[in-house]
Amino acid sequence: MKRSLVQSILLYGCALLLAAFTTGPLLWLAVMSISAPTDLTEVPLRWIPSELDFSRYTSLLSLEGGNGERFLSALRNSLLTAGGATVIALLLAIPAAYAFSRRQASMVLLFAFLATIMMPPITYVLPLYSTFSSFGMLNHTVTLIIVYTAMLLPFATWLMKANIDVLPVEVEQAAFMEGAGTAYTIRQVVLPLALPAIAATAMLSFLVAWDEFFYALIFTNDLSAKTLPVAIADFSAGRVTDYGVIASVGVLATLPPAILAIAFQKFIVSGLVAGSVKG
Amino acid sequence: MLGRRQKREKWILLAPALALLALVTLIPLANTLWLSFTDTRISALPEPVHFIGLENYVYALTDPDFQDALFRTLYFTIVSVGLEGILGVAVAVLLNQEFRGRTLLRALIILPWAVPTIVNAVAWRLIYHPDYGALNSLLFQLGLISDYRSWIGDPATAMNMVILADVWKNFPLVAYVALAALQTVPGDLNKAAAIEGAGPWKRFRSITLPWIAGPLMVVMVLRTIEAFRVFDIIYVMTGGGPADSTKTASFYVYQEYFNYLRSGSGASYAVLVAGISAVLIVFYYSATKRQTAGGAA
Amino acid sequence: MNAAMPQDPILQISRLQKRYGDVNVLKDIDISMAPGEFLVLVGPSGCGKSTLLSCISGLTDISSGTICIAGKDRTNDEPADRDIAMVFQSYALFPNMSVERNIGFGLEVRKVEEAEKKRKVAEVADLLKIEHLLHRRPAELSGGQRQRVAMGRALVREPKLFLFDEPLSNLDAKLRVTMRTEIKRIHQTTGASIVYVTHDQIEAMTLASRIVVMKDGVVQQIGTPQEIYNKPVNAFVADFMGAPSMNLMTGTATREGDHLRLQIPTPEGPPLELFDYGPGPETLSAGGTAELTIGLRPEAMTDLGLRSGGIDGRSLQSADCLLDVVEPAGADTYAVIQLGGTEAVARLSADAPVTAGQRVPIAFDLSKISYFDIASGNRL
Amino acid sequence: DTTLNALFMSQAAYSEDDIKSMTAKFEEANPGVTVALEFVPYEALHDKIIAAAGAGDDGYDVVLFDVIWPAEFATRGFLQDVTDRIPADYTDKVFDGAWTTVEYDGKRYGMPWILDTKYLFYNADMLAEAGISAPPKTWAELAEQAKQIKDKGIVEFPLVWSWSQSEAMICDFTTLTAANDGAFFDEGQPAFTAGGAKDAVSFMKATLDEGLSNPSSREYFEEDVRRVFSNGEAAFALNWTYMNALANDPKESKVAGKVKVAPAPGAEGKSTASSVNGSMGLGIPANSPHADEAWAYISFLTQKDVQDNYAKLSLPIWKASYSEPKVIEGQEDLIAAAKESIAVMYPRPLVPSYTEVSDILQKNIHQVLLGQASVDEALEAAADRVKRIR
Amino acid sequence: MNAAMPQDPILQISRLQKRYGDVNVLKDIDISMAPGEFLVLVGPSGCGKSTLLSCISGLTDISSGTICIAGKDRTNDEPADRDIAMVFQSYALFPNMSVERNIGFGLEVRKVEEAEKKRKVAEVADLLKIEHLLHRRPAELSGGQRQRVAMGRALVREPKLFLFDEPLSNLDAKLRVTMRTEIKRIHQTTGASIVYVTHDQIEAMTLASRIVVMKDGVVQQIGTPQEIYNKPVNAFVADFMGAPSMNLMTGTATREGDHLRLQIPTPEGPPLELFDYGPGPETLSAGGTAELTIGLRPEAMTDLGLRSGGIDGRSLQSADCLLDVVEPAGADTYAVIQLGGTEAVARLSADAPVTAGQRVPIAFDLSKISYFDIASGNRL
C-alpha cells in the first residue's frame, strides 16, 4: 500500500494549503506590526515592508506615553486575573475532581457543574454586577478572579476528573493500605501522578481566562483592572489610525497563549482526549 | 467501594467548589429569573420594582428584532460549527497521514486556537478592511476580483465573514479532538476493510467516521453551546452592523441591559436565550452519555 | 462447606455478605485461617475473589458479617488500622517515588524515625535481593523487580496478614515460575500469614497450604491441594481444578456385593461397564441402583496401565473405547471418547499408536473415581 | 490626597495629549489632587458611564458625556445636579447650544466642554481642478459639484461620510434633516417618516446610488473619514472640528494645506447652512465621593483660558473666545464657519429613550443605505418600532 | 530448512525479505504450501510472524522476493485483489455495523446483489451457528461469538487462502479449546487453505498439517507436528516447542561398539551414565568422544517405566537422581533435578511418593533422545 506520486502531490498540496490558511493571518498581523504606517495604506498592499519599524513595540513596552501604560497595565491585569483564577480554580477543582472520580459524587452534580458554565454569561452578568456593585467590588482584579475562577472551575474539575479516572486506583489503595489518609494520599500519590493533567488543565484554564472579554468589559473601567481583551478592543476602536499599533498589540497579546499552546501541545491533546473523547 | 468516612469526605472535598459555584452562578441565575418578571431598570436612584408577570416575555416573544437576532445566532452557530466540523475532520485526516513536516504542521494548527478572540476579531477586521485590507488586496492581485469589495460592510457577506474568522480560530480544537479520536481507530479495522476490498473513501465512510463520531459529536455540541453565546467577536468586528445583520442574541441582551437600561426586560431575553442553551446542554449531556455508554464504538 | 476452625485464627471471617446494589457479590462467607497459613483463593473470573480480599483489607465496606484479625473485630476499621499489607496485581508502586521511599512509605506515614526506617528497608531489600535498586524509580525496573519491590513494601511493616491479588499474572511464563518459588521461599522464611488470589491452578496447587474454591460469591470447598484435587466436594470444583478438567460422565451405579457396577452409556452400542471395589456413595444401599455423575480425571483414563501390565481388575480395569478425535500434543496424546453424554478426554502416552475412529483398550484407574449427584452436583 | 478618576473618549475633539497636558496644569495648580485619565472609544463611553455607576467609590469622578444623554442620565440619577455650582454670569457668556448639552428639565448636570458640530471640509485643489470656484451652499449644489469632480476623473468617490451603523451616521442624518427643515418628533410622535428627515435619507441614498459617495462610507467612523480625506481620496467630507487641524497637518495628511472648511450646506428655500449639535459636557457621576475636587477639575478644563489655549481640535464654549486672536490665528475659515454653524445647531431629540431611538434609526437608515429597504419602508418601520419603546 | 515443494502450491513464497529501515525483520523466507493445507506459524514474540502474514495479505509491502497465490504472482497486487481473507487477533469487527453487515461487508464492497448476499451470509451463519446473532452489534456479543463472526466474514467470500493471526488468544482457556475444535472442524468441512499464527503450542500441535517455526525473521524448521516435536532441527526449536520444555543438558558422548556412552555431570558427585543404542550423531566416529547437548523431554524422564517394569537397559534405562524440588501439580508431579548444568525437569506420576532431597530412580527413555551441537545448537 504505497503512496502514488499523485497522492503524494495531493497530500503535500493540502498540507501547504492548510499551513498557509492557519499561519497566513498571523503572519500578516506580524508583518503589519513592523511595517511603516504608509505601507499599510497603500493600494494594493505592500506585502513586504519597505522598512522594518519596531517603534510600536518600543512604545508599547515602555511606560512612557499613553499606549505603553495602557498596554502594560492591561498585561499586568490579565496575568494577575488569568493566573490567579487558574491557580484558585485548580486548588478547588482537584479535591472536587477527586470526589467525583474516587468518592462517587453523583455524575448529575458534575453535569450541573458543567451546565453552569455552558449557560451564556448574559444569564449571570446583571445579578453579579449588582452584587459586586453593592459590595463596592467592581473594577477590581479580585472580582474578575472570583468570576473567572467560577467560570474555570467546572471545566477544570471535569478535565481533572477524567484524568484522575484513568489513574490506577490500586496505587491509591496501596497508600491507604500503608496507612496514609486521604489528604496525604492526594498530595503524595495522586498529584504527582496527575501532574501532566494538572499542567494541561492549568494551561487550558489560563487560556480561557486570558481570552475572556464579556465580564471584563462590564466589570472593569480603568487601568487598575482592565484586562488585555478590553484594552485591545479600546485600542482598535479609538483614535488609532496606525493599524500597525493595533497589530502589534495583537501580536503581543497572542504571544503568551501561543507559546503556552505550542509548548504544551502534547498536554492539550491528552487533556482534550481525556476530557472530550472520554467524556 | 465507599467507607462511611469516605462518604463524609466526599462533601468536604466538594464544599469549596460548590460554595463558589452557588455564589457565582446559582444565585445569580435565580436572581435573573426573578428579574425577568419585574420591570426593574438600571438606575442610580431608588426606583420601585413591580412584579409584572409575563409581560416581559410577551414583549420579548412579539419582538421581531429579537426573533431576527435569535435566527441570526442560530445561523452563526450552525454554519460556523458545521464548517469547523468539516474542516476539523478533514484536517485531522490529513494530519493523521504520514508525511514530512507533519509534526510541525500539527504544532502550527494549534496557533489560531491560542489567539485570543479579541485579537482574532481585530486581526480579521483589518484583513477585511475595504480599502487597506489584505483580503481585498490578495484577491485583487490574484485576479480573483476586479474591484475591492466591502466584506463586513455588506449585510450579504458580513455574517459569513465573521463566521470565517470564527472558524479559523476554532477549527483547530475540532481537528485536535478528531485527530485524537482517529489515533484510537484500531489499525486492524482498516486493514480488515482493505482486505475485504474496501477503497479509501469506503473505509472512511464505513469505518473511520462512525468510529470518531462519538468524540466528534461531543466537541461539536460543546462548540455549539459556545457559538450560541457569541458576543465578543461581534462586538469588536462589526458592533452588530451593518443594518443589524450581525446582531446576535447575546448582543441583543447586552444592549437591553446596558444601552437601554431595562434590566427586567433584558433578564427575560436572557432567560429565553438561556432556555435555548439549556436545550443544547441537555443535548450535550445525552451526547456524552451515549459516548461513554457506547465506549469509543 | 465448613473448614476446620483453627485455634486462635489470624483471620476469622464470619457470615460475610457483600452487595453492590441488588447484586449479592459475596454470600455468607465463612473462612478461618491459622497463623502462618498460606490460603489461596481460586474461582472463575468475577466470582468475588478480589472483592473478598478488598473486604478483608477494609478498602471495601462489607454489607454484613464480621472480620476478625488476630482476634480483634476489625469489621469497621479503616484499612490503615488493620495491620494488613497488600500486594496488588499491578504492583501499585508509587511511580514518583524511589524504590526506597516506596518500601518505606508505610513507615513514613507512621512517622517511624529515619534511622529505624532505613534499617528496616535495608533489611527487607536484603531479603529480596534488591539492595542495588533502592535509588531507582519503579519505571526503571523490570517486571520481576517491581514485583519484589511490591513485596518489600508489604514485608517491611511486618503486618499480621498479607494479601496478594494475582501478584504474578502480569509476568511472563518463565518469570512467573521463578517468582512463585521466591514467594514460597519468603513464606517459609518469615512464616507470614498469607491470603493469595490466583487463577493459575499450578500456582494454587504448589503454593497453598489450603485452597478456597469460590463460585458466584459462595465458597465451594476449603481444603489442602490434595483434598481439592482428589476429593472435590462437587462437580464444579472437580471441573474447575485441573487441565484438562475432570471427565464428568452420566451413568448408573448398582451396588452388588463388595462392589459397584458402573454402566456408562456409549453412543455406539452397549454401555461401558466398570466395577468399583471402593466404598462408593454411602447413599447407595445394597442392591440399589442410581443414576449419577461419574468423575474420572484424564490421567485416570490412559494406556499406560496397559503397557505396564498393571491391570488387576480391581483398581485398574481395562475396557475398549472408540476414539472420536485423537490430538497428539507433544508430551501426551489426548483422545476424545464419547462417554456418558460427554466428550471424555483420555490422556495417552505421546507415542501411543492410535488414530481417530479406532477402538482401543483404555485402562481406567478406579481408585481415583468420584461420584456426584446429578441434580445438585454434590459429591456422593 | 485625592485621586480623581476621569473618563474621556479617544476620538474626535481634544486629543489625548491635549487632555493630559491640561490635566497636568490642573494638578500643578491643585497640589494634593491627582487625576487618573481613562480613554475609551466613543462607542463604549455610554456603557462605561452606566457600568461604572455601580462601582461605588471605584467609579469615575468626572465623565465626559454626549449631548444626547442628559435626559437619560438625569432621570436615572447617574449624574449629580450641579446647577448651583455654576456661576450665574456664565449663562450669558456661553453659547446656548453649549448649555443644551448639559441641561434637562431646567437643571444642569455638568459643564459644557466640547462645542462641536460637523463642518463641510473640501479639498480646494480638487475643486479648482474641476473648475469650481466656491464651495457648495446647498446640498443639491454639493451633489452637483461632486458629480463634476467624479466625471472629470479627479477622484473616484468625491464624498466620504461616517455612515457605519452608529451615532456618527445619525449626526450626518441630523445635519441633513436640519438643512431640509425636518423633525424627529412632533408632539411626542415620530415625525421622521416624511418631510425633511425623509428628504435627508433620500439624499444620502442618492449620493451612493450615483456613485458620488464612497460606498465604504457605510462602514466608516469619523476616523476613517479623516483618513480617506487626508489620503486625497475624497473631495468633500463632513466631520467634526478636530479634522481641520489634523487634515492640514503634513504629518497626518497628504493633502495638508489644501483643506478648506465651510459650514455644512443648507437647502434651497429652507436653510442657508446646517449643523448638528454634537457638543459634549463634563459631569460628576452620582457615586463620586470627591464631588468638590471633581468640580474644581471640570471648572479648570472648561475655563476660557484653558479652552483658548487648546482651540485647534475643539472650539471653546465661550462666545468671547471667537474673537480672541490666539483662537482665530491659523484657522480663520474654521472660526468663520463656526460662527455660522453654531448659530443653527440642531439638537437630536432630548428624550430619555434617545439611545434606543437612535439605535432604531441607525438600523433602518442603514438598511436604506445598503439597499435592503426603500426609504419609506425603512422610516415607517423605524417609526413603528419607536412607538413600541417602553 | 527446506520444505518439500508441493505440486501446484496454493501459496509460494520465495526469497522474501522485509526491512523496516535498517532492521531486517524477515530474512529470505521460502515457504510452499499445498492446497488444503493448514500451515501454522510459531515463534517467539517479535520474530516476524505477523509481519509475514501481513506481507502475504498485501497490507505490508515486501522489500524483495515474490509471493504467488494459486500460481499467480501477487507480489505487487493490492490486498483487495489477492483473493484472501484474514482473521485478526482483535477480530477487527466493524463496531458500527450489525453482524450481518459485518459478514456481508466484502460482498457489499464487491456489489454482490442483495438476495445473493443474504443467501451467502445465511449459509455461513448456519455453518457457524450464529443465525440468531445476525442483527446484533459486535459490542453485544461474547468473545467466542465475535470470533465466529470474524471467521464468518472471512468464509463468506470463499477466498483462495485464509490468514489467521492469533485468532484465539483473546479468549479464555475453556473457550479457546472449543473454538480450536471448531476451526479444525471448519477446516475439515471446507478444505480451505489456511495460514495460522499462534503462540499456543497445543494449538499448533493439534491444528497444523505442517508447522513453521521462526526465530528472528528466519525460518528454523518446517515440518509436521511430530517431526517438529520429536526431531527438532536445533536446540532453539527443541526448547521452544513443548511445555515444560525439553531438558537440554551438557554432557559427553563416546561411541563404544554398538552404542554411545553418555555422561552427564551432576553437582553432587559422579556423572550420570546412560547408553544409547540408537544410531547417534553421524559425526561421531567409533571410539570418538564429543561434548554435546543432550536433549530429553520431561516425559522421557519419569517414574512410569519403573512401575511398569519396562526397564530393558536399552531404550528404557534407570538411574538414581537427587530431586531438588518436587512440585505436585495435580495430574502430574514435576521434579527438578540438577543435571548437565541445567535444572532438568522430570515428569512423575501424580501419586509418586517422592519428596524434595530424596534420591530416587528415574527411568530415561533413550528412544526419545536428541543431540545438538553445543556451539551452533544444530541437531547432530
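For clarity, chains are labelled A, B, C, D and E in written order, and residue numbers in each chain start from 1.
The rule we apply is simple: a contact is a pair of C-beta atoms (placed from the backbone, for glycine too) under 8 Å apart; a residue touches a chain by one contact, two chains touch by 3 or more.
The structure displayed is predicted, hence computed values, not measured ones.
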Smallest number of contact steps required from subunit C to reach subunit D: 2
Most remote chain, CA-based centroid, reference being subunit E: D
Highest C-beta pair count, chain pair: A-B
Chain whose Cα centroid lies at the greatest distance from that of subunit C: D
Subunit A-subunit E separation of Cα centroids, rounded to whole Å: 57
Centre distance in Å when subunit B and subunit D are each reduced to the mean of their C-alpha atoms: 38
Subunit E: positions in contact with at least two other chains: 58-59, 78-79
Touching two or more other chains - residue numbers and ranges from subunit B: 1-2, 131, 194, 258
Of all residues in subunit A, the ones touching two or more other chains: 1, 41, 130, 218, 233, 237
Subunit C partner contacts - residues on subunit A that touch it in the complex: 168, 170-171, 173-181, 184, 188-189, 192-193
In the complex with subunit C, residue positions of subunit E that touch it: 172-173, 177, 181, 201-202, 205-206, 225-226, 229, 241-243, 297-299, 304, 307-310, 325, 327-332, 347, 349-350
For the subunit D and subunit B complex, residues of the former touching the latter: 43, 46-47, 50-51, 53, 72, 76-78, 164-166, 215-216, 218-219, 228, 233, 285-287, 353, 355-356, 359, 362-364, 366-367, 369-370, 372, 385, 388, 390
Subunit B-facing residues of subunit A, complex: 1, 8, 11-12, 14-15, 18-19, 21-23, 25-26, 28-29, 32, 40-45, 92-93, 95-96, 98-99, 103-105, 109, 111, 113-128, 130-131, 146-147, 149-151, 153-154, 157, 182, 207, 210-211, 213-214, 217-218, 228-229, 232-233, 236-237, 243, 246-247, 249-250, 253-254, 257-258, 260-262, 265, 268-269, 272-273, 276-279
Sites on subunit C touched by subunit A in the complex: 57, 59, 78-80, 84-86, 88-90, 92-96, 105-106, 109-110, 153, 157
